[in-house]
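Each structure below is given as structure tokens.
Below are two complexes that have chain A in common, paired first with chain B and then with chain C.
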Partner chain A sequence: MKNRLNILYVLERIFNHMLFKRTVLSLLSLFGLSLIIFTLARIMPGDPARMALGPRAPEELVQKYREMLHLDKPIYLQYYYWLTDFFQGKLGISLTSFREVSVDIIEFLPATLELMLYVAIIQITGTLILGTLSGSKPGSILDGALRVFSYVGICVPPFVWGLILQFIFSYILGFFPATERLSPSVQVPRITGFVTIDAMITGNLRGFVDGLWHLILPSLALALGAMAQEARILRSAMVENINKDYILTLLSHGIPNYRIYFRYALKPSLVSTIPVVGLDIASLIANAFMVEVIFNWPGLSKFGITAMLRKDLNGIVGVVLVAGLVYTITNVIVDIILTLLDPRLRYGGER
Partner chain B sequence: MRRGKTSLRLRSFSATTKGISKAAIAVVVIIIIIAIAGAAYFLTLPPAPTPTITPTTPTPTPTTPTLVTTPTPTPTTPATVVTTPTPSPTITPVAESIIVVSFANLPYLDPHVAHDESGRAYIHNVYDTLLRMEYREEGTIRVIPWLATKWEVSEDGLTWTFYLRKGVKFHHTGRELTAEDVVFSITRMVTMPEGMGYLLVPWIDLEKTKAVDRYRVIVGLKKPCGVFQYLASYIYVVDSEEVKKNIRSPGPYGEWQDFGKGWLMEGHRDVGSGPYMLVEYVPGSHVMLVKNKDWWGEFAPRAPDKVKVVAITDPVPTQTLMSKRELDISTVWLPPETYQVLDEIEGVDIAKLHYYGMYFLMMNSRKPPLDDVHVRKALFYLFDYKTFLEIMPQHREARSIVPSNMIGAIPFPEPVEYNIEKAREELQKSKYWGELDKYEITFTWRAEVPGEDRVGLLLAAAAEQVGLKIRVVKLPWLKVVEAMTKPDTPNHIEPMWITADYPEAISMIYLRWHSSSHGTVNQNEWFELPELDAKIEEVLSILDEKERLSKTADLQRYIFSLYPSIFAGDYTGFKAYQSHYIEWPSAEKGFVGVFGWDVEYWKMNVYPEKKAELVK
Partner chain C sequence: MQVSDLVFDANRLLTVKNLYVKYKSYWYIYHVLNDISINVGLGEKIGIIGESGAGKTTLLKSILQVLPINGKITSGEIFYRDVNLLKCSKQILLEIRRKRVGMIFQDPLAALNPVFTIKDHLLEVLRYANETANIDKSDLINIALDLLRDTLIPDPERILNSYPFQLSGGMRQRIVIAMALASARELLLADEPTTNLDVTIQAQILKLIGELVEKRGLSMILISHALGLIRKMTERVYVMYGGNIIEEAPTFKLFNEPLHPYTQLLFKTAPKILEPLSSVELRGNPLDYRNLPNGCVFHPRCPYGDSEVCRKVKPHQVKVEKDRTVYCHIYGS
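So, the complex of A and B:
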């Protein structure tokens, strides 16, 4: 009896645990997302079978192709077939690349994830430095400069940053390469698909540096706008927090100011900034399209848009699901970080 | 609280100073890391290759001297004796010999699926065909022997016999190409006519197509075809054993399942025998080809060892890469002003490529008021042809209902000009005169084609002067394609570039006005004229070239009398290229021909040592 109670208690703890709840909710969201995108992709204009086979294929062949893709069946049956395949690990054949969508995702996802990783590094570092500096001295020249920078950052879309950076640093100054992930003379064997990581694993310094060199401009292009916006959010939170009583108490105890700013004022200020940072980074998986085009970056975002333009039903659903999954995982990570930053959230409190 | 704030402000200066100093240190550290990484990058760079020219003993190209008979009764193909070229001293470059070429997209890698510019260029260089169309300097095309060294046509025109070249090897297996491979390739093209196979479908009789022996193929036709020598230039031969090994299920091609399409599209390797072979395919990034040193044909002395195909269409990256010499040939799809900018880069020139292409404003003859020929004729006179050439400079004046450089194209039977008065006269003859204000004509322009709206507005402004209302509507490409599948589309006028597949005028006529094009982007007229189809089919079946061209001329006069489209201009593609270190015959001699075939890498010469001068 006691044992059973213990098991029940443990189960209750698990079910009530935030991570468990989040996981269940996330799975439900992904299921909902798959339904929505599956339907949306099918009501878009254009005949996917015709798009796949080209304008010159005879109608009988196109009809056979429709049957093969189950496009002649009602939409709920189509979804049933898709779901059955999904649980067998198949996402269907892409009408863009004519191979399994999962193969395409494995091919293109690492390039975008690697880009996201470096964008995250630049974005988080920049946000922390700029936000803290301007928040610690509101009204200063630096603060004013950041305000202008953030307005510009919000107004200018990432692809324009891409064009500007490419024009200045590649075309005029020639510091950075203009396109692609590696120079033609550099080879890095594919292990994880992340060029810099693969180069490190194989001990290829030249490959690592070359990969990094190619990553800087597209990462900056994607990071600048969001970084400016997030630095403003951090700055506002900092200004609000440094006027609170506990800071005054700390000051009265003679604790050095830099410790107050970077440790006691920054930590609570991050609670409002981190969700925005997380969502901005997660959104890159779908929003990096133009930047990937400009830098000829073989990423998932570029593949996704091509799939949409060619009405590649399975490609669209696959890419959107991956984007949803990345969003979900990012949200969970953000929640974990927030609970570490703010103990109240750990005990069921609100943000 | 108030005192607290004051106190904080009083102390904030020193706090910020300390804060800044920490942050400043962090920034400095990051900069140092980047600088070290940069230094390491440049230190680890291999020394620039020193281009040296080493004269080597020439190796004669293993071309077997073969007598090629003139195929009867088509007199266009001259009797030629293909002989082993006289050995001449060749120069072997030591520096990397590579050409980087950009298209709108990366090619489809299945030779029987590829059909757009990029795909056509790819298969043209990687796969061999039975015959080949070669452009001459004076701007005409001739059919030359390729895999077939000679060919014969039966008197009834229903049986074509091709004699194959011996010793042709497939790229990756080294197996000899035989008649069985040709028959398999024809079967594959006809069974899955998604690429260029659509050209063969109306003609090929698969039951009568067979391998007679290892080097002889008989191609049986359902009906006589006077242009079959051109169509044979589209029979891309694949390694049948390799394809059969990689067939997957399910697929829409009956017993052939997916016919190996999935495997070929994944780009593991090619199954061809042409001058270049596929060695790397990075989806979304590039396709890498290398020279096939065992190819039976003849390379230019400094033909590139490697060709990298990319898809860079944006003006800024194109400009950057061309100035850094990382891109050698641009796409044809850049805005006109970008070509001006590219032309100013040292060592870059603009190639003008006269494709068999034309910009048509296609009028739907089933939608009132365009169902009246007088209204269509009035629109002919309402189009300002000269201003159009200023808006879209990649065009030349149209002089025929098909591109005027095509064989058999005749001048317009009557002058085509911008003339408001004549337009008004035509409208007065129409049954809609007096009630034209009840109709609104829609002109669709594609969202993906910047500047096309101006073409619509040009027509609309002129039409307004005679009381015709034209509404210029923006539509995404997908919507346009969908709208054109049905005759009751809401759109009256669809502008479209159409390119023909072989040099005779009938190629464009068939593509544009035969009823088999209904529902495709090649036609918006939707004529219900059985006599038009019959006339087109009759011309195609005539074996005698002189007679065929004469009938083609009559056909053009007949089609003109229907006023099907506004013939806005002949299409000339612009491509920027590195003329300082690349010799590109198509650019230098003025290319005339099929879209995508202007890049024949085996005929180009590349000089890495000259490139090095510019990179310095």
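So, the complex of A and C:
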């Protein structure tokens, strides 16, 4: 049974055990989430129809609007209508934009996802480098600096970073643009909705650079605080691991330090860090709204918070469901990465 | 500068002189090694015995300078052939670690990285151990398989692709030995290679180490609590207590007639198969390394330790015979 260790076997095990169960479980939890958020949105005080039409609209019109939205029916019946719509691919009409909610989501989601992508890139590289370097030499200057930086990171929320970065880099120095996804003079056709990817597909170098330039400040603002904390987590896992016998063994064989730290100490240390990184990145889908507002970023977070404030019932449910979906997918990705990192999870080991 | 292959004095392959090592914790400083001097000749097999916590492991780790981060060598000299390991360049230290000295760590369950395969471990070690030899990967795999066969591992191809947690303790220790042999071309440091293994496997592993050392003509420092095996496998023994060497003698002389009171008690307390369990015990507690006793470190527990001189004066080296030294006031006058 020599081939039992090849990649197909590993994949088969993953699909047999984890992925399948995870998918079923996440579908169930998404269903539960829809139920909860649907009910919550409707029992919150405030009249959505009146808010949508404004205080001066005549009462009959508002009443008609309520009937159109089934707001006069009991909640379970409303949920039934919503569910039948949902299975036909409709999330209902938004009360703010007066369009299909799914259309809104398709319009706003890519902006946030693109932001998340760049945050993830910055956050993961930063975490790996800072965490490993300071974990390999506890008590060094870099280690001390990281400690201060991570305390600051915990205290300072992302939107404050956003304001600071905007002030320094676009107001004083003028390196980066302060708001929006593209400069007014630059046009990028919409294919995937990711500005940088669309620009790359169409071979539009100017659009790519411009999009990237617009992305840097908001991604940095969102990444800095979380990165500092994750680097600290990685650092403490590293400090624990570099005194273990298996690292000292390699040291006693004269393996160079960089290979010991960046390979043999890093891999077991990542097992505790990756889940936190995953959750932090997934949380951006709903938590990035302050930064999106500051940078005037047409993202889903911003759309979601507007929907909340205007009591846009269908909008709220749609946004929360998308957030739930993003969390679920991130968790599955995290699980797959963990199984690839730690063979004990793969084979159901002894510990 | 290269490590010369000429030994100026065949009796001095490795010489440790007046070595002091301290561990620092947040509040305290632990004086773990105090004025240790040992030497290992070419092809010589040395044993180190003493109770747990006597500083044996620390001594071996300081030789290759793989102490944990809070450990520090404060003074002393470690000569390997003609190189002072504490003052030489990093490159020479790496060369000695890669190609000359190998170390087997205490706990086989902890000495292998849980998220890498045996192949990863062995190839990494072999790659640097054969650095200049211009060897490609398939050769390395063959060397690795040979090493595994040498350590009597069944089905080495399968083992090579396994992860440590899939193997038994004895198997893992064999792999650690194979790794150590990859680097040990002159000196093998074996630090209690059988803790955490059951008694039958212990004997097997020690026998294996003995045979391999013999076959490859290595020098060895062996730490073990199994006195019978030390007696069988070594030529000279150092007895350690409280971070000090307290007695040094050829193995057969030491076992026939231990001189230091601690050594005598150590032998008496060891259970023997054919005799009823001995009622002799070592009274008192193990040492507190934060503040070591004045005078002889063993005097609080020594049956003869009540005299003024034992409490006040640190015992000097006493040459009882030409090849025997003991650090005890009883033999001083």
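Methods note: the second predicted complex is superposed on the first by the 331 of 351 C-alpha atoms of A that agree within 3 Å, B and C clash if a C-alpha of one lies under 4 Å from a C-alpha of the other, contacts with A are read in each partner's own complex, and residues count from 1 in each chain.
Quick note on the criterion: a contact is a pair of C-beta atoms (placed from the backbone, for glycine too) under 8 Å apart; a residue touches a chain by one contact, two chains touch by 3 or more.
Note that the structure is a prediction, hence the values are computed from the model and not measured.
Within the superposed three-chain model, A:Pro256 lies in touch with chain B and with chain C [touch as defined at top].
When the two complexes are overlaid on their common chain A, residue A:Phe108 makes contact with chain B while staying clear of chain C. Of the two partner chains placed by superposition, only chain B is touched by A:Leu163; chain C is not.
Comparing chain B with chain C, more residues of chain A are touched by B. When both complexes are overlaid on chain A, the residue A:Lys21 reaches neither chain B nor chain C. In the superposition on chain A, contact is made by A:Asn243 with both chain B and chain C.
In the superposed model, A:Pro184 makes contact with chain B only, not with chain C. When the two complexes are overlaid on their common chain A, residue A:Ile129 makes contact with chain B while staying clear of chain C. 242-243, 245, 247-248, 251, 256 are the residues of chain A that lie in the contact sets of both chain B and chain C, per the superposition on chain A. For chain B in complex with chain A, the touching residues are 1, 4-5, 7-8, 11-12, 14-16, 18-23, 26-27, 30, 37-38, 40-41, 44-46, 98, 108, 110, 113, 115, 192-195, 198, 201, 250-252, 261-262, 265-266, 282-286, 308, 310-312, 314, 316-317, 319-321, 323-324, 326, 477-479, 481-482, 485, 520-522. Residues 2, 5, 138, 242-256, 259, 264, 267-268, 271, 341-344, 347, 349-351 of chain A touch chain C in their complex. On chain A, the positions that touch chain B within their shared complex are 44-47, 50-51, 53-58, 61, 64-65, 67-68, 93, 97-99, 103-104, 107-108, 111, 125, 129, 132-133, 136-137, 140, 163, 166-167, 170-171, 174, 177-181, 184-185, 205-206, 209-210, 212-213, 242-243, 245, 247-248, 251, 256-258, 260-262, 293-299, 302-303, 309, 311. In the complex of the two chains, the chain C residues touching chain A come out as 61, 64, 66, 68-69, 93-99, 102-103, 105-107, 110-117, 124-125, 128-129, 157-158, 161, 163, 165-166, 176, 179, 182-183.
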